[in-house]
Structure formats: C-alpha cells, structure tokens
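One chain, chain A, links the two complexes that follow: it is found with chain B in the first and with chain C in the second.
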Partner chain A sequence: MKRSRSQPWIWLLPSFFLLILVGIVPFFILLYLSFSDYFLLYPDIPRVFVGLKNFRTLVFDPWTYNALATTFTFVIVAVAFEMAIGLGLALLFSKPFKGITLLRTIMLIPLVIAPLVTGLIWNQMLNPDFGIITYLLHSLGLFLNSGPTIDPSTALLSIVAVDIWHWTPFVMLIILSGILALPKEPFEAAKIDGASRWQTFRNITLPLMRYPIMVAFLLRFMEAFKIFDEIWVITGGGPGDATRVVSIHTYKIAFYRWDLGYGSAIALFLEYITIILCSAFYKILQKSE
Partner chain B sequence: MSQEPKKVGRRIFLNYAIAVIATGVIVGAATYFAVPKGEVTVTAPGTTVTKTVTTTVTETSTTKPITTVTPDSWWADAAKKYAGTTIRVLTESVPPSLILQKYVPEFEKLTGIKVEFEATYYDDVYAKEMADFAAHTAIYDVLYVEIEWLGAYAGAGYLFPVEDMMKDHPELTDPNLDPDDFVALEQRKFKNKLYTLPYETFGYLYYYRKDLFEKYAGDFKKEYGRDLTVPKTMEEYEDIAKFFTGREPNLYGHLAQAKTHNALVCDWQNFHCMFGSPEYEKNFLDWSKMRASGVVNSSWAIEALEYYIKLLKYAPPGALTYTWDEAGAAMQEGLIAQGPFWGDWALSMFDPSVSKVVDKIGFASFPRLSKNPNAKTMNGCASGWGINADSKHKEAAWLFAQWTKRKGFDAIWMKDAGVLGRKSSVNDPAVQAADKKFGNLFTALLDASKYYYFPLTIPEYSEMKTAAEEPLGLAVNGKISVKEALDMLASRWDEILKRSYP
Partner chain C sequence: MNYSRTIEKIFIYVCLAVVIVAILFPVAWLVLMSFKTRSIIFSLPPPLFFNPTLENYVTTFIEKEYFRYLLNSLIIAISTTALATSTGSLAAYAFSRFRGFIADNHFFFWILTFRMTPAVVLIIPYYLLWTTLGLYDSHLSVILSHTTFSLPIVIWLMKGFFDGIPRDVEDAARVDGCSWFSVFLRITLPLSTSGMAASAILSFIFSWNEFLISMIITRVNAKTLPASITGFITTRGILWGEMAAVSVVIMIPVLVFILLVQKYLLRGMTFGAVQ
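Showing the complex of A and B:
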C-alpha cells in the first residue's frame, strides 16, 4: 500500500495544535506582556509598548534579587541532598533483600502525592501551635515559643526538608532503573580483577550511570526552580520574605498587584535562566563524554 | 368542701365557637383589605401583631416597621422569562455564605433559574474575579465584592451598577427592596452610585472566653486588685492578655493574624487607627488631597505598630503564620482567652463539629486607648453582591441577588449567619433570641459598628493594601525596624497615589 507523504503530518496535527495552544501561544503572550505596561486594576491605562522598561525595573529591584538568591539557595541545597540520598537509596535497592518490594513501594508513596497536598500535610505537621513535628522539637527543647516555619532562619530549611521528602524517591527511581539496566560483564570482570567496592562504584557504576544521573538532575533542577505549591501552602513566602522564591514573587506581582507587565518580565527572566543553566549542564555532560 | 367543676353545655360551647370564628373572619378580612395587593403582612413567629422595630445601627438608621415582604408569586412571575437560565455565583467560603447556600434550591424551585454556587477562600475569590474580568469570559454572573475591591472593580468598569439595574428594570426590582433599609449602604457606592447590593456587614469584635473569665476571676482580682471583666481600655486588655498567657498549657491572652498577607494589614490598620484616629481617619478618607508620608510613618504610627508587635508575645507563636482562617481555628481550638477577630466567624464558635468552645465565647466591642477614647478602632467590612458587567444573564443575576436579601428572609439568614444585613432585621425576635443564645453577638456588633471605619472605595485601595503587606511582614518578623517598614510603606503608597492624583 502506497503511503502518502503528508499522512504522518495529518496524524500529528492534533498534537501540534495542542502544543501551539498551550505552549507556544502563551509564551508569545508572555513575551508581548513583558514589553508592555499592563495593570489589570487600571484597564483605562492604555496597554502600551514600553520597550525594556520592565526589564530595567527588574535590574534595579532588590526584591527580585532577594527572591532569586532565595531560589538559588533552595535549588542548590535541595537538589544536592536529593541527588545524594536518591543515589544512595538506588544503590541500596539495587541488591535483592527480604522485603525489598514492600520497602520500594513505601519509598515511592510521596511521589504519588500532589505538591499541594504535600504542602497541606506538612503544614499541619509543622504547625507552630499544634503540629506533631513542632511538638517533638519542643519536647527536645528546640524552637520553644516558636516553630521551624516561623523562624526566619529555619523557614527555608523546613521547605528544603519537605522537598527532599517529596522528590528524593523520584531521583531514586530514575537512577535505580539505570542501575538495573547496566550490563553485568564489566562488574564481573572487576570482581575477577579484585577491585574493591569503592573502586567498582567509582570507576564502573558512576561513569555508566552518568546519563540517568544527569537526567534526574536536570529534571529536578528545572522543577525545583519552579517550586510554588508547597511554599505557598506552608509559609506563603514568609516569614517576612524568608521563603519568597521567584515563583512566589512573580505570582504576588502578577496576581496580587496585578502588574502583568512586570510579572511577565520576571517570568521570562526565570525561564531564560533555567534554559541557560540547563544548556550549560548538558554541554558539560557532552564534553565529559 | 369540694366544688364540682362547672359543666359547659353544648349550646354555650357552640355560641363561643361561633363567636371565635366570626372574630377570626372579621380580623382576617380587615387585614386582607388593609394590605395592598401583592404584599403580605409579616408577623414574627408566635405572635399575631405586626412588629415595629427600632435600630441604632448607624447614624442614618431610622425607626422602620417590618411591613411587607414580596410574595413568592412575584418572584416566580418576574423570573418567568429567565426560567432555564443558569447563573454562576462566586463568594467567600465563610459561614454567612455557607448558610445562604442551603437556601439556593428554594430559589431554583421558585424561579426555574439554575444557580451554580461556588464558595472559595478569600484570596481565590479575588483572583478568580480578576481573571474573569480580564479575559471577559463572564464565567461568574453574581460576584461577592469586598468593600476594598469595590473601588478597583467599579473604577475599571468591571461591574454593572445595581442602581442602573433598578432604573433599567423596574419590573425586575423587588417592590420592597428598600435600599435605605441596609446597614452601611454608603459603603457600597462608588462616586455616589450604588454598585453592589449590600450583602453582609460586620467587622472586628472583641472575642473572649466567658468560662475562663469566670474560672479565674478570683486569681485575677488577687493579682490586679480589680474584677476580671470585659476590658474598656487597652491598658486593661494588656493586663488580661498577660494574665492569661501560659495560665494553662496552650493558652494565650491575645490573638493576631500576622502572616505577610492582607490579614496583617487589617490587623495593623486597627492599631494604626486606634493611635491615630481621628487624624489618620481624616487623611485616610481623602487620599486624593494628600500623601501617605507624614501620616502612616508619623511618630504615633510608629508607636502603634510597635504596640502591635509588643502584643504578639501574648499570642500563639503560630500567629506569625495566621490569616483569619488559622486565627479562627485557634479560637475554635480553645487556644485564645481573648482577642480581636472578625465577626463573621462568630457563629462557627458555636458549631460543635468545628469548635471546642461551644457556648463559652462572649462578644463585645473592642477596647480603646485611654488617651484616645473616641478613636475609630476597628476595621469594618461591608460586602455586596455585584453583577458582572460582561454577564449575559444580568437580569437573572439581579433577581438572585435581591432574593437573597429580601425582607422577611434577611432576619432568618442573619440569625444563622451572625452578621448584619438589613436594619429592619435587627430587632426581629429570631435575631434577638440568637443574640442571647450566642454571647450577645448582635449587641456587640451594633456597639462595635459605632467605632468601625470602612476601607476606601477608591480604585487604588486594593493595590495600596497589597503594597503594605511586605513592609509590615518584614517588621513583625524583625527583619527591619518599625520605622524602616513604615517609611517603605509610605513611599510605596505615595508612588501609587502620585500616579493617580498627581
């Protein structure tokens, strides 16, 4: 049967249409808004092209810098811990032992919980007045008349802990699937040559695992940059501005102050940073090959 | 000596019966002809006379009899053209709205108009309404409009004024609507035009635990040499706050909503006015002629915020993460002995499914500073039903809004909602009975309302309030000084005001 050359394109049309509708069009709207003065509270003010005005505001806005710094701190600490713990757990679960199936299932439970629900659960547990974690900390003599989420010095760490709990299983899952797919021969050869466990891990497992590790890292890096739900529910960006990451900052500007022009500019800037950093990591990976 | 009971003969009995029936027929006929057609006399349950009520809600309140309510037949006739229409209502998920929701099926049955009633949390209501306005999607027809959003909505043309609705559609306007009967009608106007139909009016109240006040009366007298009563001044309030904090495990003497959120700005305004009114109030009400600098960061303003922060030590540590939702839960959990809190939560304290302090709460007007006794001290809230200017079902929406506030029903709703609606409902026996049952709630609301100030209905107010959140949040969390915070706030407000009032 002769196949028409246009047939595959026809089948792809719905997907293209959807992609354009939910991905490309909003992006161009965002781009357009970021170069406009658009206050939803004052529709009488004409929506005019203002060139780079919003980006100029961004450059001189200490609140945005502060939010960026908080975001980077959060991403670096949270993703580093998730990668380390995730790798350790993946190695642990790669060897068969009694009860492994049950333990693996338990480990994956946080993954199936929506971020908003995760936030609500932890919000209750960390509640400064009646949360179980706060109660335990109080009984240890810690955070008396306070709580980890209301102390500006520990609020971000509390969010990091919640994120680690939520997303480490994801890292573990990706790395574990990589480990289980590794060829057996190099390990058998290393064993015959008398390599120690550490040497096997350092010289065989890790190099063979760099792609799954990089995939896990890139996915977590991009997601951590966009964290919103958990912080919104647990601290709302506070106390003060202690957990005000860029996504919360952008939301407050765009949907509290209704300054859609400036809000779009920050969102675009965040997207730009994420793309640059991800590309850089990808280049590093390619070079190491 | 025993006396035999007098026997009533059949003839005497019949004579009495005929006399009673004849009297009934005469009274009934007289009533029928005395009342204009299409209206019915409202009588309070268990009584047989038409009631006259006097209200003292505001300066403009008048003595008004509950004379007439519009019969169901009028609503059914008016809605005939719109039967089968679906309207969407968006409101805040607080007790008054949840009470109202129970009655929605009655409206649907009566008019044939289908109502999709959505109640969600405060921030979400605002976000959804703004998104609906911006995209002109007209998802919602009837909107809950907080007084602090009114200026922005009306100024932007997002609402269809109900005053125009009344002029354009007299045939759809309840003949007994009587707008002057609503509490705080002026607060629903923008540039002297009525934009929303008054829905609920309330404000901050002084909540206190009656059981704890009784239990510790002796101890308090020993320590302070005076009786433990509802405080009249802030000095007395502070003594009580200090006395109760830590008196029992997890018991605190003050309540605050200090999360970096709109709730904190409301809390701050209470204290700001307490120290600065009437100066603040005078300026506050005429921003168009002045600037924030020199008022919101003046010496008394600094003193006010410092006092607010000082009192936080008597509140639960979690108060720094509280909005009204968490503060309400803390009150219901029994953590708080006394404190200022929004009145629309009052009746939830009496709901055993959510409250551990049922029948233990009393209400009063909030105390004032001895040095500024006549200050307007507490935030008042006056929300209304707005009609979306983009709505394709404005007429059906208007009918629904009026139906929820109709005479005769308002008192029924008020007694369960715990907020103020119509002036004429205040002295309704059902509301009076509820007042006694629920810790003098309505008496406290009426008393407190004399000291309420209401947010401005200027388009910039919503933005100004949002701009105040961050500086105040940084100050209460100790990241910057009170002076720095108020300077930042003043400069932000001036920036907004200069744009609109150069």
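Showing the complex of A and C:
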C-alpha cells in the first residue's frame, strides 16, 4: 500500500511559532535582564551588564527568603487542609443519595470562578469594618477593633481559608472520580472476611486511591505556589510583609521599585522551581500510563 | 441497628447541607451585594430584606465605560480560544498520528511547564516585549499572551481525544485519495467535537478570568473586565456595589459553561489525569 506522506512539521509550525514568540523569547528577555542593571524609573541610564550581581543579591537577600518561606508556609498549610477535607468530602459525596449528582455539579462552581472574583468576595466578607464574617467574629468577642485580614498573625491564615474554600472542591472531585472508578471485588472480599470499615478504608481504599490523591496533591501544590490574585485584592501582601508571597514580592520589586534586573533574577528562580514541580507531576502522569 | 442507620443518614445529610451552603453562600452574597445600594452594603447587621436596585449595573455598564471593557474581554477571550484551538488541534493531531519523529516526551514536558509557569514570571518580559513591538495596550498582545497558557492545555487535551479515534477510517479515506489535511478536516474533527468543545471552553475560561497579565499590558484601549476592577478602588474608598456588579458579569458566562462541559472540565484541569 502506498501511503501518502505528510510532513509532521507543517502541522506543528503554527503552534511552534506561537510558543516561541510568547514562551521562549520571554525567557531570553528574562535571562538578558537578569544579567543587567535596569531601572525603568530612569530610562535615560543605559542598561549595564553586571554579570551575576542580581543572582548574588538573590542568594543573600533575606527579604526574598522571607517571601519564599511565607509562600511555602501558605502552600503547605493550605494544601494539607485541602487534601484532608477533600478526601473526607469525596467519601461523603460518593454515597449514592438522591440528588447527589446535582450536589456534585454544585461543587464544580468554585472551580470556574476567577481567583480575582474569589478574592473580591472574601475581601468584602472579611472587611474589618462591615464584613459579615468579621461581624460574626466580633459578636463572638474575637478580633475586636481589628479583623482577621489586618491582624498580622492571622492574615496569612485568612488567605489559607479563602484558598480552602476555592480549591477543596477541586481536590474532592478528583478523588471522587477515583472512588467512583474503584473495582468492586476487593471490597466484597473484605466484607466476607469481616473487615471493619476503618480496615477496609485503610488497607483497600487508600492504596487503590494513591494515584488520584497524588495528582490532586501535585496540581494543588503547583497552583498554590503561583497564588497572586486573591492575596493582591485581599491584603496586597500586608499587613507588613505578613502575606508577601513570592509572586507579590516579584511583582513589587519589578513594578513598584522598577528594578527589572533583580525582578528578572527572581522570576528565573521561580521558573526553576516550577520546572522541578512539573517534573514530579510528569513522572506521576507517566507512571499511570 | 436500624436506629443507628437512621442517625447516620441524618448526619450525612446535615454534612452535605453544610458543605453546599458553605460553597454557595459567598457566591450568593456577591450576587445580592450587586443589587444593594451603598448604604445597605455598609449596614450591620446586614438586613435580611431590601429593595433590590439595578443602579450598580446601570452606573458601570451604561454611564461608565465598562461596557467597552466587557467587549474587550469578549473579543480577547474568543480570539484566544479560536487561535489556541485551531493551532493546538493541528499540533495535537501530529503528536497523535506521527509518532516518534520528535522527542514527544520532552515536548510534552516542555508544554506542561508553559502551563504551570506563574504569570508573575512572564509579566516583566511581556511588558518589555509588547512595548518594544508597539503592541502595548492592544488586543493582539493580550490575545497572544493568553495563548501561552491556553495552547498547552488544548494540545494536551486534544491529543488524548485524537488517540481515542480509530485510525482505520482515516486510512481508508486516504487510500481513496484524500489528503492528510482533508481527512483531518472531514473525518477526525467531526469525530472529536466534544473534545474541541471542552478545550475551547477551557481556553475561554482561562482567558476570561485572567487578571495579572491583562493588568500589566493594558491601559485603556484593550483593558479587560478583570483588569478594570482595580478602577473601583478610589480615593473615596472602594465602590463595593459597582465592583460586585462587574464581578457578577465576570462570573455568569463561566457558570453557564459548567453545565455544558461538566464531564470534561475536570479532565482538562488535570491534564487528562482524571478521565
């Protein structure tokens, strides 16, 4: 059989062109900038090549370390809660109740709401003067003359709470789809052998669910690491530096101090972390195939 | 035995109700806020009943220029979707059918990192790139920037769908003299409409909701609705009612999409890890 040949490159050309323009070129710009001193505030001063200066600043900058520490605190606390609550909810929503499909559909709602809009809703509800949640807390005698978002000790926790509201349904739905795809035989065998509910869950459900749980965990970890919009509208990184995660930090270095050289160095470092996280996720995806 | 069963059932129903209320309350609160006047928004405790008003929608979308930003958002989201799905599905088809001509694995990993790159990494180069090319504050620059994030998800998702289409039909058509491209257009695409719909809607949602990049690379001309939100933070305080009205308008189309693609939404958001 004579098969007509088609050049694979022709099919890929449009995508390659786009990805090079908006994906590769920016990295060369970042690389170039990170080796120069470039302040947009003084456009007359020419860009100077400064070698590794920006990277040396990065290594010795406690401010950036602080931002990284805040980010990882946020990510670890938020994702831990989301995984725990998500797993519990998935078990709850896997029960074949009347109308459960409608309830599962409702759980999709937070997934499509813009992070910005989520931030705005909660900013209003947590407003120290007239937010409904602050009002309830005040009537319980908590945060008098203050609010959870303006108290430095609880600001990050309120962002965690917002993130839990936004993304627990996502974790729950991933795990739920895993539960619904579970084979029936091992559970019947366990029942015959007289295993308790906890034993069945611990020894059969959890091991079979390892894959969806890992997927949910890694996706959430990567996404939480990128958080910007919610913090931007709720606290703006404050009070003080309490919620200054690394995205907010980079943004402020680049567009408040207009230090594009150092900003680019941090951005490259963030990309490096992203690549490490992606390779972990990619390994998991491939293992499943 | 029976007694404890009933208790358990009631307990589960109560838990479900609490979860659903917790999910829906903030959304409902936003919608209610958009119909409240300024004085009602500020009153404590919040009144249970109030006279709803369309004032906030009228001021923003008719008196102020938010209608224009709405149009911008639509133009940008639709163009991003069109660009990403058309080029992305071609690439996905090549990955699905011409195996082994390129290090596919590395390429897929590369694509994944594009999707997962924090927007804050890209705003510095985008700001300079579009300014240098004279495209700052133009629709085209926002469309291209959003495509960075939409294209990977389209390629990834569509490859999964194309892999699921049997090759026999295509081979038969090619033996009859159809070219690869016309086979793709006439046979493969019509067989993967649900995949196209899913990836189109995911691209649309991403572009529609995107905030940081649009805020950095637009000023007036190509400003999108999310980027326009910062305009409500004024010297006289935050205009909550108007902000809520615009937020509701941002929220409506994506909520409609849930009903259309709920089966594929999760699949797309997890790179096909969840079927």
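Rule of thumb we're sticking to: the second predicted complex is superposed on the first by the 267 of 289 C-alpha atoms of A that agree within 3 Å, B and C clash if a C-alpha of one lies under 4 Å from a C-alpha of the other, contacts with A are read in each partner's own complex, and residues count from 1 in each chain.
The definition used in the following text is that a contact is a pair of C-beta atoms (placed from the backbone, for glycine too) under 8 Å apart; a residue touches a chain by one contact, two chains touch by 3 or more.
The shown structure was predicted, so the numbers you read here are calculated from the model rather than taken from an experiment.
Chain B and chain C, once both complexes are superposed via chain A, clash. Once chain A of one complex is fitted onto chain A of the other, the partner contacts of A:Phe225 are limited to chain C, with no touch recorded for chain B. In the superposition on chain A, contact of A:Phe255 is made with both chain B and chain C. Within the superposed three-chain model, A:Trp122 lies in touch with chain C and out of touch with chain B [touch as defined at top]. Looking at the shared chain after the overlay, A:Ala189 reaches neither chain B nor chain C.
In the superposed model, A:Phe130 lies in contact with both chain B and chain C. Of the two partner chains placed around the shared chain by superposition, chain C is the only one that A:Val112 touches, whereas chain B remains out of contact.
Taking chain B and chain C in turn and counting the residues of chain A each one touches, the greater count comes from C. Of the two partner chains placed by the overlay, only chain B lies in contact with A:Gly240; chain C stays clear of it. In the superposed pair of complexes, A:Ala280 makes contact with neither chain B nor chain C. Comparing the two interfaces of chain A, the one with chain B and the one with chain C have residues 129-130, 255 in common. Touching chain B in their complex are the following residues of chain A: 40-44, 63, 127-130, 145-147, 149-150, 152, 235-242, 252, 255-258.
Those residues of chain B lying in contact with chain A across their complex are 127, 130, 133-134, 152, 155-157, 250, 259-261, 316-318, 320-321, 330, 333, 335, 459-460, 462-463, 466-467, 469-470, 473-474, 476-479. The touching residues of chain C, counted against chain A in their complex, run 12-13, 15-16, 19-20, 22-24, 26-27, 29-30, 33, 41-46, 83, 86-88, 90-91, 93-94, 98, 101-102, 105, 108-109, 111-114, 116-126, 128-129, 144-145, 147-148, 151, 155, 174-175, 179-181, 205, 208-209, 211-212, 216, 226, 229, 240, 243-244, 247, 250-251, 254-255, 257-259, 262, 265-266, 269-271, 273-275. Within the complex, the chain A residues that touch chain C are 1, 3-4, 6, 8, 11-12, 14-16, 18-19, 21-23, 25-27, 29-30, 33, 89, 92-93, 95, 97, 103, 105-118, 120-122, 124-125, 129-130, 132, 135, 165, 169-170, 173-174, 177-178, 181, 211-212, 215, 219, 222, 225-226, 228-229, 232-233, 247, 250-251, 254-255, 260, 263-264, 267-268, 270-271, 274-275, 277-279, 281-282, 284-286, 288.
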